[in-house]
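Shared between the two complexes below is subunit A, which pairs with subunit B and subunit C, respectively.
Then we have the complex of A and B:
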């Protein structure tokens, strides 16, 4: 849809009239698009029954510990979801696929969100444990779009999706929102339909399940000019540790010297090596001399001393 | 009348100085980013501010500051200017302190140029007196060459751009000018210090040792010695006290001693600073080796990058030697011909270096254009001066345009930009050649005035 030739903003899909968020942006991976979106491919992805030539990027590589979010939107009706104006996904097909997934241990928990007309009927036939499903409307109800974007010429977002996004936009990084708060945030009068969810197959209590079980966040990186202030100052103990490493190579203790590439820390598990280094006075002198700050301040003193030396010498020789 | 004229003259000098400082400050505080420090004409791999900041960051992260072949300057500059690259004051533009250091360096250079110019002017007047030419040459028409040179240096757009563009050229220029000032004023430790620092920061001022030796041995610029002898033959009065003193070796020995002292001091400091990272050999490889082997071929306003981008590996060393000998082989003939005018010799050497060095920039041109101001009286008859001036203006306008066409728009190619570089080199060559011939013509004119008839010897 983003690359449809009738899209006025090619490769951009907005969720709001203000065009603030491009949902088809740089951090979105689209694996199936266009004519590849068929019911057969969808069921193959879910069950993992691909041809051998299908690349890994087009497979659902999940295992028995995975949490999967399955979000479907479009046109639908009583126990079906429309695909590509030509075929439909039926609720028993979906239930079959989920059953196969469970048998093959392809998920631990599955959250199905459906935003179509009469969405709740799509998961009528589900029987596998560990599945949680929510639909935007019940049987006999329609789901409505939220608002029209006159610039693009179509409605940009449906009500259920809009209020789901609104819920997540309100959260900050430290909120520990639970699924129950998400599900109870849907207001039937605002949605103009009843959001119905099915939790009989899901054994955990919804108040205990954080939304981050199924939803992730996209970090926005902001570039600042202060790039050189990022790292901490050099560790003064660093060169001491290096010294003792040189001196006590013959020691057999385990010494873990992790030099992180950014130059943060050095972990020295065994402190005995430093005692060995401090026994010799020459090594302590070299130790002190090689400390980074000392070298720096020495050079700075030398530089500053150049000026009075110059003045004095010029005045003397006059 | 003369006092008033002099007063007016000195008043407007300080006016111009303050105006140029204010103009620099305006450009520093300019709200939109002028991006001067990313222009290839302003910042070269040796003088770039970005590389200095990178070298400082590497040093702070306990790595060798020459790692990654980013920074190729002196470690002393890192200790001196490095903290200024990261210090930020709230509400002020970035790198304000560093820009202020450049402005101060420019002002100090201008003052030193002025003092040296006054010195030179006094020496010139004195030599004219002793040649008894004061009535024949209109001395009151002489412009104040020190003031003019200082103003040319300060108000030159090249200098302003090099200062605001945060390159290290102002500091290198200050070292060179300090060396020349010390040599002119017979302050030997100062001259030695300036020479050592200038050579340490960029390799090429090393050849200034020859004009410095002449300055310390014979004194500032004066007409050729044989003119004095001829004049006294005419007068038949062998008054030795009026003759300029001959060449003396004592100051040279002093200079060698002080230069040795200062070099040991600088090298010891560098050695301490680089103890863990390979020591002095690493420093020489990364600074002088980098300059001599022309490792970085990014475009600049010189001519070497284009050539070395296409030369075959087999011939690379040969052509490196050719290009460097190009500077070296001009040293001896010029020294022989211009030994009575060491400051002018220094100017010619600086001009040749700025043209033929591995990574030239407009900051180097700013130096010799400023030094040119010392000789406005002698070079009054220089040919092609308008052509050169228009040429400089044209090149400085066209060069960024060609660079933009090549890199940003893609409608041009490297030849466009290299054309402006070649034209610039041609202009500098014409300037040097015409300058030297004008100076020799001036000497010839003096000789004609003394002997009354032109000599047939080619001079």
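Then we have the complex of A and C:
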């Protein structure tokens, strides 16, 4: 996490060893951090079942028109994703939460991206229509970190996340890239795992769906005639100006950071410490820091690298 | 035997089917001889197999990430460290008689870095045996004796606060330093610590405070660290000792000088604290070294065989080997390295593994014979030091407060040129930096890896799940043999009575006598209880003997032996006299005594294995064969067969070996040679055991010694 005391560069997060791109911009919001990141809170956010005292900023305020991106990373395994050291989210839990969301009309389209070992297994139980899911690896495969930043002392980014970010960096704001072009951009030899996407629940053809449906987009703001007419027009203008894919989300009402702590597995240390080395545990071992860790773990770099991509709910058509 | 009894019971009234588990139990008990032979052999064999079964260590806690950050310690820091080494070895600094000058220099250096500095003065506490202090936590209330001003030590403590940390946690770095007669090694260890310390004042990534403790080792390294820890963990609010120390002019002088020269700085007279300790490293540099490589030795055993979390050792091992190119050592029993029988055993295992592999290629458990010998030597020393229950260095003081700590001793290949010195400062410093950075990454306590393990090399370990098997096999026959002996004694006496009485058999009186007979074991239990009571008394005797002034170890030992024998005779005459008259009626009494003895040994060993596994394992190796084999010599002589003769010889040999002092001298002779053995040594050894509150002492006094006495009494039983 950017503000963790273990971070050598306070309040900065990089996607790369060269430290050129600081991903922790001025407009990043983190709503749940450290020990707040639990399976319970995660499910509450998804299903919208909060205590009455929970502020609006910590809720996912979406409706049946919303497009939601759910981006998760951490230590995963066969049909589970580890949260903290002590608990895990199972594929059944996720499927159940998504089903509840569907019943409660909390989304129109949901894109779940998972960057963990055996990520594809997490989607096995999903049944709700309108859900599109992509994972970094198939069952039995590991996901690897991209490289170790020996200055910071952690691997700052995972391969899947790194190449996702690279894809968006290549686009300019007027590109009309489709989801299928994103999905086909993953090269198994670069990822060292096979990205898998499940689209049987998603009715539209991927070639026709622009990535901007889920990732930061130029929005059409429909404003009503009201006392703040002038102001709102100015706002919408600003939106268009500042819209860019890499900084995607700052105009969006809701941003959520789902941090997942991975963890408990026993693994060998690879003495060479080569990037993308042999084992999943090794990669998670590094990823641990880079992704969601505890409250203040420096290691959330990878996570923050995804912040731009993180859960976004957009009000498209009202 | 048991079967016949079973049969006779079932004759009396037809019973429903016996449950399988009961049948299994009866089967085992009736074949207890074979079972015990198989189990004991397997237990010993399993112990020798442990080096083969050892697994490679791995870093269990994800957060540690050793070596993923490149070291930041630069030549600038090394030259800082060098400066301190020069100042300390400068003859001017040694002019002062109390060595205060050196402490001032160190404190000044720390202050220059911007660290908080304080002096901690302490009076060395003599470890004294007190029967009630076993297992009790060290308390601060002990200090009430009046000390002279001449004997106090000064620890210098520097603390770096983590710039963005919450101040709840700390990492401790300890360098023992004797200001009066410090060798070059000690100065060098201070230099390494200082270079790391100066780096850590600049870094931005600290999440835990860093405490650097320069422990004044003129009264022993352990005493200084323990005194500081006691003060740190158990603050005194109405202390008598503090004014005591303040009254000494020397100490006041020290503080005045400091206050004067560096007013307004971060120097403080009061005791400084940081957060709870996550881990502690004790750093030493050895003066002389015969080795041709830079090596680093890890000492981990704390009191009562407690070990620090294996992850801490793993981190040090990983960084030293893969990052700094140092060779890592753990303690070995060197005498075992050249033993030929161990080598041939290793070769046997190796060839067995080859055969197994040729049969089924996936079986890969063999290790080369040389590796086996080294593994066994390391394992033996690991067992030995854990069994002793005495910490192997100042790190033991930390373990008493549940802080994971190890001692690192760097032994550089010795040469005096400057390049070499810089090199050792750089590599040692980077190693320490790496370990601290790794521990700094830790979010909670060390909890992932093992606490119960034996090392067979710095990178191989045997976990509790594996080594318990050997122990369990060894003690498994005990309850079976006890049960079988009990059944045997009851049924045989019954049979003999049945033969003598009329065949009309079962009458009221007979049932009554059966009822009485089935409680006969209480007599034996009383005897065993008396002997254990005696064992407790013997364990307490040293407390009184140590009060006698001016007593040499040899005389103390003699007094102890005399008093022990005297107390045994007294107890026997007072409490056990009813036994003598009852004896006439009981032919198989020795079997019952043996049965109860074995049960009590089983309980004792079982309890001890929870407290200190290694002690229980070594104790079991000695006591189990002795208990199982014990049989009155008279019977063996009467039988006159070869088998009984062998048993007699075994009994006599075991009877000698298992006597605690004899076992001690044998072990000592094997390790150091028999030349310089002295009767007083045992006394000194025992003294060191109780000084360190070692549970091994209690085990010897209250389990092994009574067991030995009982076995001897069985051997010389008049039946």
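Everything below uses one rule, namely that the second predicted complex is superposed on the first by the 216 of 318 C-alpha atoms of A that agree within 3 Å, B and C clash if a C-alpha of one lies under 4 Å from a C-alpha of the other, contacts with A are read in each partner's own complex, and residues count from 1 in each chain.
Rule of thumb we're sticking to: a contact is a pair of C-beta atoms (placed from the backbone, for glycine too) under 8 Å apart; a residue touches a chain by one contact, two chains touch by 3 or more.
What you see is a predicted model, and the numbers here were worked out from it, not measured in a lab.
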| item | value |
| --- | --- |
| Touched partner set for A:71, first subunit B, second subunit C, both or neither | neither |
| Subunit B versus subunit C as contact partner of A:8, first or second or both or neither | second |
| Winner by number of subunit A residues touched, once subunit B and subunit C are compared | C |
| Which of subunit B and subunit C A:151 touches, first, second, both or neither | second |
| Touched partner set for A:168, first subunit B, second subunit C, both or neither | neither |
| Set of subunit A residues, in rising order, touched by both subunit B and subunit C | 262-263, 296, 298-299 |
| Subunit A-touching residues of subunit B, taken from the complex the two chains share | 53, 56-57, 60-63, 75-76, 79-80, 85-86, 88, 94, 182, 187-190, 193, 254, 258, 265, 268-269, 272-273, 275-276 |
| Subunit A - residues contacting subunit B, complex | 225-226, 228-229, 231, 233-234, 238, 262-263, 290, 292, 295-296, 298-300, 302-303, 306, 309-310, 313-314, 317-318 |
| Parts of subunit A lying in touch with subunit C, wherever the complex brings them together | 4-10, 75, 85, 148, 150-155, 262-269, 271, 273, 284-286, 288-289, 293-294, 296-299 |
| Footprint of subunit A on subunit C - complex, ascending | 56, 58-60, 62-63, 65-70, 162-166, 203-207, 314, 318, 322, 437, 440-441, 443-444, 448 |
